[in-house]
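Look at the two complexes coming up: chain A is in both, with chain B in one and chain C in the other.
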Partner chain A sequence: MEAWLEFGRGPLFRISFTLMVLGSLRIIILQIIGMIEAYNRSADKIVPWGDLWKKTFSWLIPIFNIWRKRPVYSVISVLFHIGLILVPLFLAAHVLLWKNSVGFGWFHISQSLADYLTLLVIITAPLLFLMRVLNKNSRFISRTQDFVIPLLLVIPFITGYICVNSSISATGYQVMMFFHVYVGNLIMIMVPFTKIAHCVLMPFSQFVTGVGWKFPKGAGDKIIATLGYGNKPTWFDNPRIGIVTEAETSQEQEDKK
Partner chain B sequence: MELKITEEGLKKALKSARKPEVTAKQKLPVRYHVEDFKVEGRTRAFLEAFAAILKHSNYKFVLDHYIRISAKCSRCTTNCQIYEVTGDEHDIPCYRSELLLSIYRRHFTVAGQMSGRLFGDPGLTDEHLQELAASVWNCTACRRCVNECPMGIDHGLVTHLARYVLSEIGIAPRALVVSTREQLIGDSGNTSAIPVPALLDTLEFLEEDMEEEKGVKIKFPINVEGAEYLFVPAVSDFLMEAETLMGNAAVMTATGGSWTIGTGYFDGINYGLFYSDHVLEKAVQKILAEAERLKVKKIMIGECGHASRSAKYFYPAFCGGKDALPIINCMEYAYDMLKAGKLKLDPNVIKERVTYHDPCNIARPGWIVQQPRELIRAFCKDFVEMTPNGRQGVCCGGGGGTVSIDEIMPYRMEIGGKYKAKQIVDTGAHYVIAPCANCKKQIREIIDYHKLDAELVGLHDLIYKAIIFD
Partner chain C sequence: MNRVRNFKLILWMITGFAAAAGAARYIFGLGPATNLTDATPWGLWIGFDVMSGVALAAGGFVITASVYIFKLDKFHEITRPAVLTAFLGYIAVAVGLLFDLGLPWNIWHMIIYWNPHSPLFEVGWCVMLYLAVLALEFIPVPLEEFPRLGAIRNFLVKFRLPLVIIGIALSTLHQSSLGSLFLIMPYRVHPLWYTSILPILFFISAIGLGLMMVTFESNFTAWLYKRKPETALLGQLGNAARWVFILYLVVRFGDLAARGQLGLLNGSEWQVKLFWFELLIMAIIPIIMLSIPKVRNSLGGQWTYAIMGVTGVVLNRIDVGGLTHIDRTGSGVYLPMWTEIVISAGVVSLAALVFLFMVERFKIWEKRPADPQAEPQTLPEFTPVFQTWLGDPVIAARTRYSLAFVLATAIGFALVTHDVAKSKGVDPSPVQRSRGSDTLWVDGNTDGFGVAFKHAYHMKILGETSIDTVEGVETVSVDVNTSCALCHHMNLPRDQNSGCYACHADMYSKTDAMKHEWHSSPQGANLACRDCHAKGGPKSADNAKKCDVCHSDLFPSGATIKVEQYEALSYTDAMHTLCVDCHRLKADDVSRPDLAQCAICHSEQRSFVDENTLAGRYQNLVGKSLILP
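Showing the complex of A and B:
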């Protein structure tokens, strides 16, 4: 067991951490490249940057937005995210772990604050899950990962809290730690590949939408040409009933003669 | 007025005007008429069209972003007027977007293709395509849900793209396609098929009317080269909104503005904004051609939301980038003139209570929200707001081109326009001001259908009543 734990905290942690960082960097960079390409392709360079920044911050720090609609769900969700972001990154023990395995660390929060935030996540995550299950709209539009992820995310918090705050047997501690470490690693690997990616992509959202409405000139003609419709788009002559190529058309004309 | 729809209302709203045999032949359970198109192999054709669009346009990085970020929080349900009336999960904006995003995820991402092979997922089915075709035209593309999406997903943009892809395989409302055909390759060159002589007759008739009513000579300057503004209203104004046009002419005359209407092209309507970027580009370029012919300095769009948006936000993209001519809306002009003291309005003419409806296309981006309100406050004593309003304003229910599809009128009345009807009743206003050709038609129908005690006017209709000539 000890060896498994060592592996999970050592090499496996380095691998999952690397996957998380590189995977996230990959999607961020691809996103930025896509945005720049789109911006360059369109002749329209008028982007309402101020408005987009304002919208971005209003959702990154949603103090004013959450009261407007579904306040209970929104407040629970925000509390959940606060604990979820702060504890893994700034818990003293974690900072030490970063330092030992990746070579650098940063400031940490006090243990009592970390405990409160952990409890916050442990309480809010199941609530979020329940609200998703019980609300017919949320349930209807949810995919499997939407149900699974909150429950998965809460496991390291529960096990971590038990390890720190209760006097359990050495074996019990190891079992808890095992789940803590391995589920934690799994989550890190999942970041770039699931909806958890919103933790790194969300700041770009408003800009993506803003630039997304900038259309490139001449794209419509190129699309028609690529599809082999020649000069016959839908509004021209309804060519979609059996697509007629140029060659066929001239053949038909000859036949008529 | 109760917002939630009754069972009887739902039955009326969802009744299809299509003949069952056409629906069966086209295998398309939608409520709008569609011109015949090639039915067999259409899922493949859809994917090919989708691929071609992704290749040449700017949508790919947007979809890549949206499929990763979508958290399915269902917060958009609180801001969708269609969903608030029907309560049907299929009307959740996020669900509608997912219909297209799931196709993208399955067919255009490596992970989707791999898991498709691994688990034997057949990919895009014809049923899915049918659902998409029905769903995207239930949406009014008002983009109010965008305001409440914490992830910043623009469901309006996704719906716009889905309609574009569908239109490339021939699935688009016949009403829009036929009008567009007349506009782009027809003899009249405009969506209402108004020939130039008829236009000139109408304008002459209006000039006589105005002289009689106001005692001032008010002209519609035709084909004036080098004028400051080329005036491009929604072409339906020439047929149905004479008062609005007279208001426009009166404001220009009273303020000494230099403007002209071009007989080469006088139609601001652009259905491309609703279903095809190709049409959007071609229609906007027709304005460019007319502006170049008459050598004008600026372009002024009449009272029309989508015409204003399609010009303001797409003219630079398709007509010269940075050097493109400035686009303004006629309400911006009137507002500037009011501030400059050139436009004088009599505050004693309009005594009834008035309220203002924000057309989504100009209010949602925050472009025209304050200007009309200042104008109204300058001469209407009893002005009440609808709630919500401005950038959060509720769509009339005929947005996204749906108002031009006559066969879905019951849907627009019972579902799309229900929220607006309730808002109008709640204000208790006599005049409902809606500075948009689409909203005007829709709200007029709402007032009729729900038997409301209100009158629909354009902003310039009221300005015409109250304007003072020096």
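Showing the complex of A and C:
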């Protein structure tokens, strides 16, 4: 077990950490290149810069967008993220590991604060999972990884909390540490390849959509022709958002009559 | 066109691997990240990256010379790839050097601080200038794509001939000077390779290698892009290469005969076998193959002799650059560490990637290869691994290459072990006490190089002087005892005027003069922690009793040097600080400005030590760091 732990802290950690950092850098660069290419290809070069900056920054600060829909879910999500980001980065024990291996450390939070934040994550993660499962709309738009990731993320927090705060046998400690280290490495490897990538892509999401969501010249006409709507009007006077069923339209027409 | 894509994927992986190794080299330094030592400071990076890299790029000046000077216009279509190969080859040499140099940020020194006696100075300047010349020769090609910059292009094309001439001159100089570098090592390079005409041999073989490399590169890219190989043209190049290699063989064996070393070929040691192997694949077999027109003009034949020739000359450079020194470098046999191999491979891969990019983007060949990424739009296809469509071929290629790079870098970082990062430390060199009485022979590491220190004289001149008038006669009396504390600033417990060596016990590194282990161990002073460290505070030096609380006799009265730390300076530092500082002060008092100069103390005739004694003395240090006085 000791050897497995050493492997997880040594070579495996270096692989995971490098994959996380370089992999995240890679998707950022790829996304920016794609954005520039789309911008250059499109005929429409109008970008609402002011609005774009405002949106980008407002989404970075969750306060502004919490109260739109499902405020309870949003608040729980924000709390979850606070613990999730602060504890791994600023836990004194983690900072000490860095200091011992690379020679420098940084600011760390107190152990009691770290304990409270860890408990916060341990409580909120299952709540997020449950609210995703129980809400029909959420369940409908969720993929497998959306269900799995909150539960996976909470494992290092539970094991870390047990290791720090309870008196368990040496073997028990090592087993807990094994899961802590290996699941932590797994999460780091998953960062660039799953939805966790939003931790680095989030600042770009609004921006890339605004700049790069453009179509080549004449793309709209081509699509209309391809779909066979060449002769029909392609706009509505009063567009309605959402799916309009057959029954509703017939009902509407009857009302008009 | 999957062939190009897979090849690029492999190149990206090697580059990623090398990125991790290169980062390790810069983070941990040359010592832990390579197998280079003081005995073998030139390893694979010099033998392969620099010496072979420069020689591999010789095709540039050979082909430009034949086309622009000798007007052999039939070779015109291989000029551009040859110049591009040379250009990238030299850039690769420069990049490789940045890893090899201990202090790469000082590389500009050779521009300012000239050492015209050094072949390395010449090589450095020539490589630098030739790189500039190659850049100017090549830049018109990419400029064709930018009509706006046509003026610059026309200007450069006008100066093509002078540039070609300068390029040939510079190549002649440094291709040979790479051989001159080893003229300084007659006892190190094996006599089968060491000769005073090494520069000439290097130059001739570089021409042959240039022709072989152009052949190889042309055939390889033809295979890669499924172009029609230029077999007939390359056959003519091969014919020229044959005469170059024949000349090389004649000069090489003629030199061996002239030096009277042909007898060495009778020996059975491995160097003789290496010599024959090298010559067979570098010259003899290629000459035979090139002499048969049918083989010379066949694709298979060209592949075989080109690869043999290239490998042979590269092997020759590695032999001269290090492999044949192995017997003379003492105990530690140098084998390159994996980081060295990977970085070399990575630099080459990066150059190859740039080459492929240039070939696809600019007009290097008469007919540009169909861009492998610009296939006609195919229907979206799910990749088996990710179950997604990676986008059109350009985006898919970009996605794959970057992923390969990142994965390879991660694996490379995992292989950089903690052992690599650990420092190998400094060899201890304990200090012996000085011998003598009135004059002391100060020679801490007893290597025969020391200083004769006039102890009695210093006692006298530093002592308190009193002038008495006894019975009308003025007598000057000196109290020698008062001068002791000026130098003997600390005593061992219950001792007086302890010698320097007692605390400054190592020649080059600091000593723990306080000996914490001894104080705390039961066999020593048997003290508890709390006997020295105040209760409640950390157990650190700051939170401990001062030494003289217990050892009241530690500091003699009148001591001018105040000791603040428990670590004593190294012996050399202690001597130099004490003597030189005092001499500087006295230099003004007695108006002797030379008093603080090195030769005032280090003026002894070096004692004669015969060679065998010296060898015996340093036997345990062979292969380790050795600091000569």
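By definition in this document, the second predicted complex is superposed on the first by the 198 of 257 C-alpha atoms of A that agree within 3 Å, B and C clash if a C-alpha of one lies under 4 Å from a C-alpha of the other, contacts with A are read in each partner's own complex, and residues count from 1 in each chain.
One rule holds for everything that comes next: a contact is a pair of C-beta atoms (placed from the backbone, for glycine too) under 8 Å apart; a residue touches a chain by one contact, two chains touch by 3 or more.
Remember, predicted model here, so these are calculated numbers, not experimental data.
Participant: Answer with first, second, both or neither: which of chain B and chain C does A:93 touch in the superposed model?
Facilitator: A:93 contacts neither chain B nor chain C.
Participant: Who does A:26 touch here: chain B (first), chain C (second), both, or neither?
Facilitator: In the superposition, A:26 contacts chain C only.
Participant: Going by the contact rule stated at the top, is it chain B or chain C that touches a larger number of residues on chain A?
Facilitator: Per-residue touch count on chain A favours B.
Participant: Which partner does A:62 contact after superposing on A: first (chain B), second (chain C), both, neither?
Facilitator: Touch status of A:62: first partner only.
Participant: Could you say whether A:34 touches chain B, chain C, both of them, or neither, answering first, second, both or neither?
Facilitator: both
Participant: Of the two partner chains, chain B (first) and chain C (second), which one does A:195 touch, if any: first, second, both, or neither?
Facilitator: first
Participant: In the superposed arrangement, which partner chain does A:15 touch: chain B (first), chain C (second), both, or neither?
Facilitator: second
Participant: Which residues of chain A are in contact with chain B in one complex and with chain C in the other?
Facilitator: In chain A, positions 30, 34 sit in both the chain B and chain C interfaces.
Participant: Using the touch definition from the top, list the residues of chain B that touch chain A in their complex.
Facilitator: 35-38, 45, 48-49, 52-53, 55-62, 64-65, 68-75, 77-79, 89, 92, 94-95, 98, 111, 146, 148, 150-154, 157, 167-170, 172, 177, 180-181, 184-185, 276-282, 313-314, 316-318, 320-322, 365-366
Participant: List the residues on chain A that touch chain B in their complex, please.
Facilitator: Going by the criterion above, the answer is residues 27, 30-31, 34-35, 37-38, 41-46, 48, 51, 55-56, 59, 62, 65, 68-70, 74, 77, 135-138, 140-143, 146, 193, 195, 197-198, 201-202, 204-206, 208-209, 211-224, 226-227, 233-236, 238, 240-243.
Participant: What part of chain A is in contact with chain C in the complex they form?
Facilitator: Counting only chain A, the residues touching chain C are 10-12, 14-19, 22-23, 26, 29-30, 33-34, 192.
Participant: Chain A touches which residues of chain C in the complex?
Facilitator: That would be residues 20, 395, 398-399, 402-403, 405-407, 409-411, 413-418 of chain C.
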